[in-house]
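First, the structure itself, so that you have it in front of you.
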Amino acid sequence: MKINFPLLDGMIEFDKTLILAIEDTETFSDLARLLYSYNESSPLKLALDDFSPLKESQLMLVSDILGYNVNTPAILKLVYADLERQFGEKEEVKARLELLAVEIANIISSECLENELDLEYDEITLLELIKAMGVKIETTMSSVYEKCYEIVQIFKYLSKKKLLVFLNVGAYLTEKQIRSLLEYIELCNLNVIFLEPSKLYDLPQYILDSDYYLEYLNSSSES
Amino acid sequence: MKINFPLLDGMIEFDKTLILAIEDTETFSDLARLLYSYNESSPLKLALDDFSPLKESQLMLVSDILGYNVNTPAILKLVYADLERQFGEKEEVKARLELLAVEIANIISSECLENELDLEYDEITLLELIKAMGVKIETTMSSVYEKCYEIVQIFKYLSKKKLLVFLNVGAYLTEKQIRSLLEYIELCNLNVIFLEPSKLYDLPQYILDSDYYLEYLNSSSES
Amino acid sequence: MKINFPLLDGMIEFDKTLILAIEDTETFSDLARLLYSYNESSPLKLALDDFSPLKESQLMLVSDILGYNVNTPAILKLVYADLERQFGEKEEVKARLELLAVEIANIISSECLENELDLEYDEITLLELIKAMGVKIETTMSSVYEKCYEIVQIFKYLSKKKLLVFLNVGAYLTEKQIRSLLEYIELCNLNVIFLEPSKLYDLPQYILDSDYYLEYLNSSSES
Amino acid sequence: MKINFPLLDGMIEFDKTLILAIEDTETFSDLARLLYSYNESSPLKLALDDFSPLKESQLMLVSDILGYNVNTPAILKLVYADLERQFGEKEEVKARLELLAVEIANIISSECLENELDLEYDEITLLELIKAMGVKIETTMSSVYEKCYEIVQIFKYLSKKKLLVFLNVGAYLTEKQIRSLLEYIELCNLNVIFLEPSKLYDLPQYILDSDYYLEYLNSSSES
């Protein structure tokens, strides 16, 4: 991935993860706004490895880590599909489930016939059972760290999204937590930027200081 | 029940069913409109046996027998509750159903645990199974008669409704079908009016002729 | 227009208006249901003059004259467009209206500037003024006849609709009112069927009697 | 206002504004989550000057300064009411506006009468004109600072809200901007907390350091 914006002398290239700390408050604030309203004609340039510009729809921006809703209809649909895929890979379990569903359908249809009204009904599908279970992503987060982890996992699901940006979340995470997140992101081969208003621990990162001088900090403690 | 309106010399009282044929077109048309916009201050007076006026919310008017939607959310809720009541009366069947639901929940929850995301879920209730079956009142009506029958059955469910009025449906029903409907209504102890624009077969009915003369026709063939 | 269905020996052709009285109750009832669920593969055949079958979307069926909602969003959009067209034909009136709208916008924008919040606003369009007036089709119908008249006028607006069918409305209309409606329909060059369960006054009409014998009644009183 | 939570030795009292910097990342993160899910039984205690606990509905939390939607229906209703109040205080302007609205209504009603359909309409009210203008709060923010300012102004409007909390917004604001915001808040006599993950410039503030030692920093530069 590549990122560029007017104050940089040249684009920053990165592989999978990038921590970018902007120490000048107004520049950080402006960049945050550019991210929030990103599109292909923005002065903020985001591009894929092949230099093709990142489309607006390919960016997933998390500006509100606490309020970010993970259980949107679109994401739940993907979760359901994933569970269905899991069952598809276990023939015996799936067969057992279908047998149980048929028996339930038989019992309920018998009662429908006994009802005074002429009732109609269809079958019970696997998807309907998953929905009846109220399956959703756990939201009673025990920590902001877990929420971040969850969002990365969801980002992995969303095949149309190519870049995830966490905005100003460093304040909520310990150094150890961020290291662990970075590791997981690289393992999953995803593209994620952490945009921060100040140096983020002793991690490898780009820092744009208040004199607009860009420096790469290759943390020695990383090894 | 009692019904009165300006052109009548006195109120008509009836027990359970009333066929009222209004032979003057404009009077029939006016009465239909009054029914459609009925409320307690209408010139059309409808009252319960104890002379208390029928409330707007207690009237169920069927002016469009073909288009009448029986599967409203309110009615489906009653249907579901009725099925739940049926199961409540059959302990063994209910226990079997619950056992099956628990086994299904166990299988699905196992898969949820295997999923990469932290998923949460609840139980599968009887109501959710009924909904998953897509239970609803059959609407592929084989005849208008069946639709009328169905509407009477639904009216029975709707405990807040005290009077059902079928407007101009005689044209769709044979004499035998109406006799059968009347019988069913009386058996169920319901209050139903058929408002018609002309004499409805040789059934016992009130006829307001074009000279505004009201006559009660006590069909001899009824016995 | 042409109409055909299994019990007829051959299709009925008509120019603009057709009154069709089906005296056998079950046949009338069946035909009503076929109309209600009409599509191109129905046993009920409706065709344009060039023999091309009438599409489902080209049929406008009024089965509930009392409950028929004339102020749907689609129809209101046409009404607004029609008013805009009227103004388009009167340059001076339109100019005056626009002048008034600009003066109002100036006054309101001045107040917006005085407000503590930074407010933004746009112009007031003619369409917005029409909507602000709450323009809609009068629904406090003084009679079913007026409602029928109104529905014919709306049918005229709906350029995609090719055939209007009034189902069982004869009971609400006097002979004079129906004659007047027929006259208006023919004047407007529209295609309208009245489907009735019994002979409709002494008007020119097709009658399918209870022996399934089709007869054309060319009323002498018409001349 | 008063604030307390398990790690503090005693409650912090403040008059109008409070900057609270929590230097331990996990504590900051936990406190942010407590704020996000605040209610009266939370371990995080918020109380009015008379010691009555702050109700959930009285708290306005801004955790996403970039994404915060100012033009909600509830807020727009208040904006409209405020503009109406402004007009109420200027009799002549209001009279002129009403005169213009009446003239517009007369022109449109004339066209309605000329339309083929029977159209009905009502008057054009001041509120309808304001809505037709599309009045709303400007959202093309030129800076995060302006957005904060706007949110404080809106908070002033929302009479049911008693405490506004800005979470982690310091990173977007210069020292001068925060001083200006604090001044405006105190002028308006509002209660606002800035919860920050690190010392916020040289401003008067409470700092809970990583050893859970609470210190009040009374900036000398303030005078």
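The chains carry the letters A, B, C and D, assigned in the order they are written, with residues numbered from 1 in each.
The rule is short, and it goes like this: a residue touches a chain if its C-beta (ideal position, glycine included) is under 8 Å from a C-beta of that chain, and two chains touch if they have at least 3 such contacts.
According to UniProt, the chain labels map to these proteins: A, B, C, D = CRISPR type II-A/NMEMI-associated protein Csn2.
Keep in mind it's a predicted model, so treat the numbers as computed, not measured.
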item	value
Common touching chains of chain D and chain C	none
Equivalent of B-C within the choices C-D, A-B or A-D, defined by over half of its residue contact pairs recurring	A-D
Centroid distance [mean C-alpha coordinates] between chain B and chain A, Å	51
Between chain D and chain A, distance of the C-alpha-averaged centres to the nearest whole Å	29
Multi-partner residues of chain A (each touching 2 or more other chains)	none
Graph class of chain-chain contacts, one of line, ring, star, complete, other	ring
Complex contact set, residues of chain C against chain B	25-26, 28-30, 32-33, 36, 63-64, 66-67, 141, 143-145, 167-168, 171-174, 197-198
Residues of chain C defined as touching chain D within the complex	79, 82-83, 86-87, 93, 96-97, 100-101, 103-105, 107-109, 111-112, 114-125, 128-140, 146, 150, 153-154
